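In the two complexes below, subunit A is the common chain; its partner is subunit B in one and subunit C in the other.
Let's turn to the complex of A and B:
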């Protein structure tokens, strides 16, 4: 998922009896499946938590342009180039919807951007991994967009109206991305020896990081319990990870590729796939800024922002002049 | 000279191929999110047009080359794009100035092609005109906005214009290929489009508070393929790499 390790108030979940009337009404509305809208009363913790979560999701879409943008100028056919470019364009659009959703909570896109660029706010760990061959465009679509969907489909029912509506639009496009990624993998897996090798290598490198996207187990986390009570988190990390493996493992088999985990097998007793946990030490290294591409990604975003400053200022100055001229004419 | 119709279609397709590639280099690093999206739109339109022009070129040639074969397996000397579109992106201002100068020519040329005696060409032109109308609107607005923005944005846009203006003239040069197209009623004589271009340019530069360079010198050699700039070869090393490295693969 694109939001990882989101901290909530840190206090346990209050019971309805412990709440003031306002908060009780708010919680009862959520319990009944109702939506909270921007003008409605909401606890400060709910608002702050959502800003962090939506902001992190938005940043992930934005930074997520980079690993795939890395291959646009090397795409092997005109059609593949167009599909990849359209996909990355969709991700920019997702970023835009999500920043808009966050803005309804009283934070501006510029503020969120500054927090991303300074490293204060995070984006998904997955985008700190490099894309090294064309097969990575397949693996990213198949696994990364695939994992994102696992988390985002339930979020279409999240309690915050603008967030839920953004998710509805985003999910349609993400499942399209996932299919396109799988299509690239099919071509590669059924291609020449070199292409098969690229496909397997991509799966080897992205399998663990894809499992990490769901975050470490949060079965006992107070943060998660609160987020679930607020319905801004709909499932536990382990639940989603299991669902992802159950869906993906047969697809890998269909492709004739091997998941880099000998223990990954269908368990006849549970009806689910067993699998090994990814390397959580590596995950925490990535979160601390020590992933293979953290430095490159932040540098690229900062450079884009700094290089673009004169453009933003220029266009704003022109708009101000036009407004002034219009006013003077009235 | 090879078949002039094939040459002519390669010119159209290579212009959109090379410029589409250049614009796609902006992916993910534009000055604002809205520009990321808009630039991707322009690149996507141009890639789509490339598929049509080069697809038709391959058909006309009749040697089994499709659009991808033409895009990914020709070397620099076989490219027929004007020099303007292979110029590097530079800063955002240079990219948008290049876009504006090209769009202005492109739209008027495509509009003329809509009444081509060749129906396939007329149909591609008609589809492209819708897209390029929007490209020109955007690039015009940006050139005006940045030209008439801050002192810095004005200076950068003037520099971009000075840098790129010597590549404008080539778009309006007429040669044997053009003459053959005019004779068959397929395409207009590019020289006839210059007065309207100049008028539009003067109007936009006026609003943008920019000054047209006094020297009308024009570099040439792109659309004939006689002498491209050094930039094109570097672009091809990236664009064609996978196809060249794995020639027996399909993607």
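Let's turn to the complex of A and C:
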């Protein structure tokens, strides 16, 4: 998902009996559906895990602006341009809601930014793929935002209050993102033969990477078991991926496009769509930094940070000067 | 990237519509109050969510701590007479 391969303490889930009273009270509160707020006691592992997860999620929103920002100046109409601009601005907003949630855990925005820029913290693998044609704007909204929604809707019930509240805001806005993407796909799929081919080509390229967004199967992962006990992960990766395919396959059919997987068919016995696993070797390779756009994305973020340094410093100096003048006048 | 150049944290409160109180919506970073309000407009009211914005520098907020829960709120538990349901009013008196 937007946060992939998050590692927990790695020690497996403790039973209530094995916990000290403080931790037991904490876990019981979560089990009862209660929320944890910033100043409450929490196990160090919970705090660290959440910083990693929310931070990675925030970084994904910010880096995720790049593949779509790529098409703002070349959108086919003024209306499409205004819509795309609004969508990309929303992604910046989502990043900010999430950074603000992460900061309540005792990490600063600059620390998180530094870890993104140095490559220490990751962002979702999906944003390391290029957006080659206008149809990719459709595929990204429809598939990438669609996959993100699968994960984000249940996270509105996550145990950490600030994270849950950020998710509520994000989910309200995310539906616009997916619909504007599908709207582009409908236009292209029903357009000229060349446009239909572009739409099909975009689906071909984004299908596998979209399935990878959920991460590899975590049925046996101790990290996932711990995250689920803490309710900072609500469903298994396979569960969400299946849900995504079940919803998306009929939509592709409606568009008259073909999912690039011959095995993707409704299974009458299970009531779910069968589908082939994406190329997990490719996934791990992209995570290691070898995707088509990893270098570009990090370079773009580093350049934006470095080029903006004089503005950040200048505004701080200006604020300090104004404060001093105000004090002197009093 | 040093601490001196990191913009301070502001907590943002938005009045959703006239007649409602300002409500905390989140935080953001800004160099000064004017910029905090401008940023709050972009981050928290892109869809007409507000008619008024308060920005308060986070370091100026005093907050109770979870450990004080007992001493602060428990005394209210034995003052049930503060609630209207504590009093039995006979039916013949009518609505009260």
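Operating definition for what follows: the second predicted complex is superposed on the first by the 330 of 330 C-alpha atoms of A that agree within 3 Å, B and C clash if a C-alpha of one lies under 4 Å from a C-alpha of the other, contacts with A are read in each partner's own complex, and residues count from 1 in each chain.
The rule is short, and it goes like this: contacts are C-beta pairs under 8 Å (C-beta built on N, C-alpha and C of every residue); 3 or more make two chains touch, one makes a residue touch a chain.
Keep in mind that what you see is a predicted model, and the values were worked out from it rather than measured.
Here subunit B and subunit C are compared by how many residues of subunit A each touches, and B touches more. In the superposition on chain A, no contact is made by A:209 with either subunit B or subunit C.
Of the two partner chains placed by the overlay, subunit B and subunit C both lie in contact with A:312.
Of the two partner chains placed around the shared chain by superposition, subunit B is the only one that A:187 touches, whereas subunit C remains out of contact. Looking at the shared chain after the overlay, A:82 reaches subunit B, while subunit C stays out of its contact range. In the overlay built on the shared chain, the residue A:93 is in contact with subunit B and with subunit C. Of the two partner chains, subunit B is the only one that A:72 touches; subunit C does not reach it. Within the superposed three-chain model, A:138 lies out of touch with both subunit B and subunit C [touch as defined at top].
Once both structures are placed on chain A, subunit A residues 86, 89, 93, 96, 109, 309, 312-313, 315-316, 318-319 are touched by subunit B and, in the other complex, by subunit C. Of all residues in subunit C, only 1, 3-7, 9, 26-29, 31-32, 35, 42-43, 46-47, 63, 65-66 touch subunit A in the complex they form.
Remark: subunit A residues 62, 65-66, 69, 72-82, 85-86, 88-89, 92-93, 95-96, 99, 109, 134, 187, 191-192, 194-195, 300, 303-304, 307-319, 321 touch subunit B in the complex. Residue ranges on subunit B touching subunit A, taken from their complex, read 17, 21, 24-25, 27-37, 40-41, 43-44, 47-48, 50-51, 67-68, 71-72, 91-93, 142, 144-146, 148-150, 152-154, 156, 238-239, 241-243, 246, 248-251. Put simply, subunit A touches subunit C in their complex at residues 37, 39-41, 86, 89-90, 93, 96-97, 100, 103, 108-110, 113-114, 165-166, 169, 173, 309, 312-313, 315-316, 318-319, 322-323.
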